[in-house]
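Some structures to go through are shown next.
Two complexes, one shared chain (chain A), two partners (chain B, chain C).
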Partner chain A sequence: MGAGAEMSIQSTGGPSVHSSDAANFFQRAAIAVQRRIGRQRIRAFLLGSIPFVAILSIWFLNDIFVWRQTYEIPSMKAVVKSFFHLQRNCPGIIGLLTMDRACGMTNHIFDSISRMLLAAVIGLPVGIGLGVLAGMNRTISKLVEPIAIFFNSISGIAWIPLAIVWFGIGWMTTLFIILNTVVWLMFFNAMLGVRSIAKVYEQSVATMGGSRWNIITDVYLPGAMPSIMTGLRMSMGFGWRALIAAEMIGGDSGLGFMIFSAAAEFRIELVFLGVILISLIWMATDRFLFVPLERWTVERWGLVWKPS
Partner chain B sequence: MSYVAKPGGASSTKRAPKPSLLSREGLHIFLARWRHSGFAYVFNILLTVVIALTIWSLISSLITNPGRYLPSPFVVALSSVDVFYKGLLPAYYGNTLTRLVLGSILGLSLGVPFGLLLGLNRTVSDMFYPIMNFFQSVSGIAIFPIIMIWWGNSEKTVFIVILYTCFFPIAFNALSGVRGVPLTYVNAALTLGASPFQVVKDVLLPGAMPNIATGTRLGIGFAWRAVIAGEMLVGREGLGWMIFTARSADLTAQIILGMVTIGVTWIILDHYLLRPFERSTIEKWGLVLR
Partner chain C sequence: MSAKLIVQGLTHHYPDEYTGETVHALDAIDLKVEEGELVTVVGPSGCGKSTLLNILAGLLPYEAGAVSVDGVPIRGPGSDRGVVFQEHAILPWRTVTRNIGHGLEIKNVPKHVREPKVQAFVDLVGLTGFEGKYPHELSGGMKQRCAVARTLCADPAIMLMDEPFAAVDAQTRITLQEELNRIAIATKKTIMFITHSVDEAAFLGDRCFVFSARPGKIKTIVDIDIPRERRNWNDMNADSVFLAARARILKLVREEVADVVEE
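Our next item is the complex of A and B:
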């Protein structure tokens, strides 16, 4: 793409109508795409995809030139094949959704994601509730904060042995580890968010006859929302990492368990597949759910006037 | 006034008279001074610790098999004597800290220059920004199995994972810090006749400093988690290994001891080393007009 491609195309656009319709169509399409998406974005996308393409092509060329043996770096085909290999006896979409035992691959994915969802459903309200309470009341925060700092510092991974002793290997252990990561991070973010709200707002709501509950729902929660959303994104990120580690050591299913047991059997194509899936799932969730959510929240509630 | 003047001393000094605790105002003044003194802070933490320990020992005295599930604080303290006497805890602690320090120094010394170099050129930084973001979000623990297959159950494996986990956050943050420096500043320095080296030293590096500090804290935090997980998974001697083997030996007191050690170490590292470093860096370099 030249510097003034759009301009030059437009200036020569007139006479070329008669010469060739096909070329004209492509030129128009290119201009339309550029107008719609934006030149800078196209440039950033193309530039950014260069390293990915380079790495993928080196990986692909490894099949042909075999710089590294296939037990060290598997061929791309084997990686794709291993996905379907685990799914080979799966009885269609119904079996996939009912988590039939034959659908190995999707079961692992669903297990990991559902653990994450369950931890979010349980952990977020607990963390936010505790955080709002601690933000409201100095006495509570003085008591809970040191404990929260301590538990947050024992990273989720260090809990794994004790969790195995308490709950055995399986669902409960992994859930416990994620909850441990999620709750305390949410607590801190909610608390800091509530503390950053100006006193004027709660006082004005109280003056107009609002109850304690009204102050919580109308002042504290909306005011702390940007901070809570940042905490949500952060805690989900840390939680996902902790989940993988927990599944490796104390799980009996899920993506972490899959890659760890595959590594023990030296099935490297399965390990590669698992790592790629883990990163893709997290990146897609972050990009298409958490980042827009955070941006929207900041736009909606983040620019509240703060008296200085 | 209900202050009771000090006998004889009131005329000689300009200090406020010492309030008596018996009067109401005196009590308020005393409480206010207490709240703002350092003692209140320490007292508060001590109070929380005492309450937490009490609840802990209550629970452990109520459950059926406390030796297996939740030994009382006293038993945990006793087990620490045992582990100290055998010399296990100091040795393991030293191993873990050495890994963390070496790994993060290596990560810093590679990551910061890498991020700066990539950030120098707008096109190059646009090119590498997405892939650095990608590697930053792929957790180091997830690539553990691959590293284990490539390098086996060795010290190298743990080190490579630590390096991986702290390199990418640091490099990515350095890169985005350099990208965030306004071009006006670079152009101003160039107009005044600065050499490229001076531009890097006086404009780009200070401008990226807050981000580098944040990246450092993030990276070392990830590295700490990776050290613990790595010792568990690969089986090298260290704190993570200690709590992991204690589980198979059914020594729950030792697990809890290890966890407390891990927690206290990270609190000290984070609150008294990394956070003050980050805050002072941001205060020093971060208030640049954007």
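Our next item is the complex of A and C:
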């Protein structure tokens, strides 16, 4: 490896004999990083970072020149501080994990995430199951499709007044709102996915003596994966947005609730923090859950093409 | 020799997908396929050869007549009749080995019994070294080899092949024909092979059923009495029996095409 790195320095017209040891070291380190991660990925990361860097720069400059007052755009420092301020009485990692009352910030985060997880655990199997059934059976699709279209047209937020009347403020209301978003989106995508599978796959399993169940597990579910992945991204994405909205009005904790109550107290830095956290959590979910899942399934099977 | 597949008075109509008119696809088909025999079915497009195969596979219900394999009437698809489809029908989400072993998996054959069997078929069709590959990483010819191995591995009583080499290039195609001949010798499988290529029908068949244009009827049965061991494309191009059989089949098929054109 070491020898190889040196070779490539020479072949790429690297440092001359006069360059210092320090420059040599940095060049070597850069090549090692490129080898480890890959040029394309570094390039993609850098390109994707440009808009973020631009926004952060403007924000940073506002800290210095104060084009906008701090009650409109808080300083970066205040936003970072507000995170730790809400955690100031948190009794360490144990308190954090046991969701001690004093750990204000992390409790809001955990509440939002666990509501989303609960909705995923209930909503995704229901949506996928109904979708697969409707995709394979005309009678079921005729029975379920119209009502699904009806419910899917109602945005999650529109349910909030009713949900509050039915379930009160808190867990049940937010869960109900997300489920309404997740189930129907997943249903339509799974149904479409099953319908778009070539008939010959199903026939080939049937002629090997496969049962209906074999066909569902070996053909419909993997074959519908491209659509199911789209459904997963859509339903979780819209579900996450609906959750934040639901927490604002019908919740008593969570990031949405935090933002809403911070705004009422004119604590603009907490609103900023909440918004940033909402996006960061989503980006992390996409990067560490959905992207690997896609690589592991549809990309490996050659069902979708990777953009080059 | 005993008859493996018996078809008696098989008749079938179906409504055309677009016009809704009733199509008379098969008219009183009678045929027998003996154990270990490879028969080819050839005829003009739309003569009902694929309809016949779909009925035999159990994918299409039939109206009138009787169809049986080993004396058991056909009711729906079953593992006694393996099918190799025209399109690439191996599952894109399974590797070569998992595709080939799929039939055994469905029959709940335990892994330690399954694995050596699957490997034997991987080797038989020349896919050694590609066991862990997914179909999209294989060439068209390799995909069809995998499909043939998958069908054989499930050990059906009869293997039905629906123009399986139609989508591959000409060079690969003659290689696949020679390989199928080799496989037929090695496994002694009963095979029904549907094609529209006269060359293919004459090269592979012990007997060749020539179909008439719609409604599909068996016009003539051409015997091709050449031992399997001697069948390879180098020798066949100078083999008088083969050349005569091919010329006869070609003439019969062309008459049918001409009839359709005149109508």
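Note that in this section the second predicted complex is superposed on the first by the 253 of 308 C-alpha atoms of A that agree within 3 Å, B and C clash if a C-alpha of one lies under 4 Å from a C-alpha of the other, contacts with A are read in each partner's own complex, and residues count from 1 in each chain.
Following the convention adopted for this analysis, a residue touches a chain if its C-beta (ideal position, glycine included) is under 8 Å from a C-beta of that chain, and two chains touch if they have at least 3 such contacts.
This structure is a prediction, so every number in the text was calculated from the model and none was measured.
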Put chain B and chain C onto chain A via the superposition and say whether they clash or fit. fit
In degrees, rounded to a multiple of 10, the angle chain B-chain A-chain C between CA centres equals 80
For A:Ile278, decide between first (touching chain B), second (touching chain C), both and neither. first
So, A:Tyr220: does it touch chain B (first), chain C (second), both, or neither? neither
If we overlay the two complexes on their shared chain A, which of chain B and chain C does A:Gly210 touch? Say first, second, both or neither. second
With both structures superposed, pick whichever of chain B and chain C touches the larger number of chain A residues. B
Between chain B (first) and chain C (second), which, if any, makes contact with A:Phe188: first, second, both or neither? neither
Pick one for A:Thr297: touches chain B only (first), chain C only (second), both, or neither. second
Closest Cα approach, chain C to chain B, once both complexes are overlaid on chain A (Å): 9
Intersected contact list for chain A, partners chain B and chain C none
Which chain A residues qualify as touching chain C in the complex? 198, 200-201, 203-211, 214, 218-219, 222-223, 225, 297, 300-303
Okay, in this complex, where on chain C does chain A touch? 57-59, 77-79, 81-83, 85, 87, 89-94, 102-103, 106-107, 134-137, 150-151, 154
Touching residues (chain side chain A, partner chain B) in the complex: 43-44, 47-52, 55, 71-72, 142-143, 146-147, 149-151, 153-162, 164-166, 237, 240-241, 244-245, 248-249, 256, 259-260, 262-263, 266, 268, 271-272, 274-275, 278-279, 282-283, 286
Chain B residues touching chain A in their complex are 44-45, 47-49, 51-52, 68-69, 123, 126-131, 134, 137-139, 141-146, 148-150, 224-225, 228-229, 232-233, 240, 243-244, 246-247, 252, 255-256, 258-260, 262-264, 266-267, 270-271
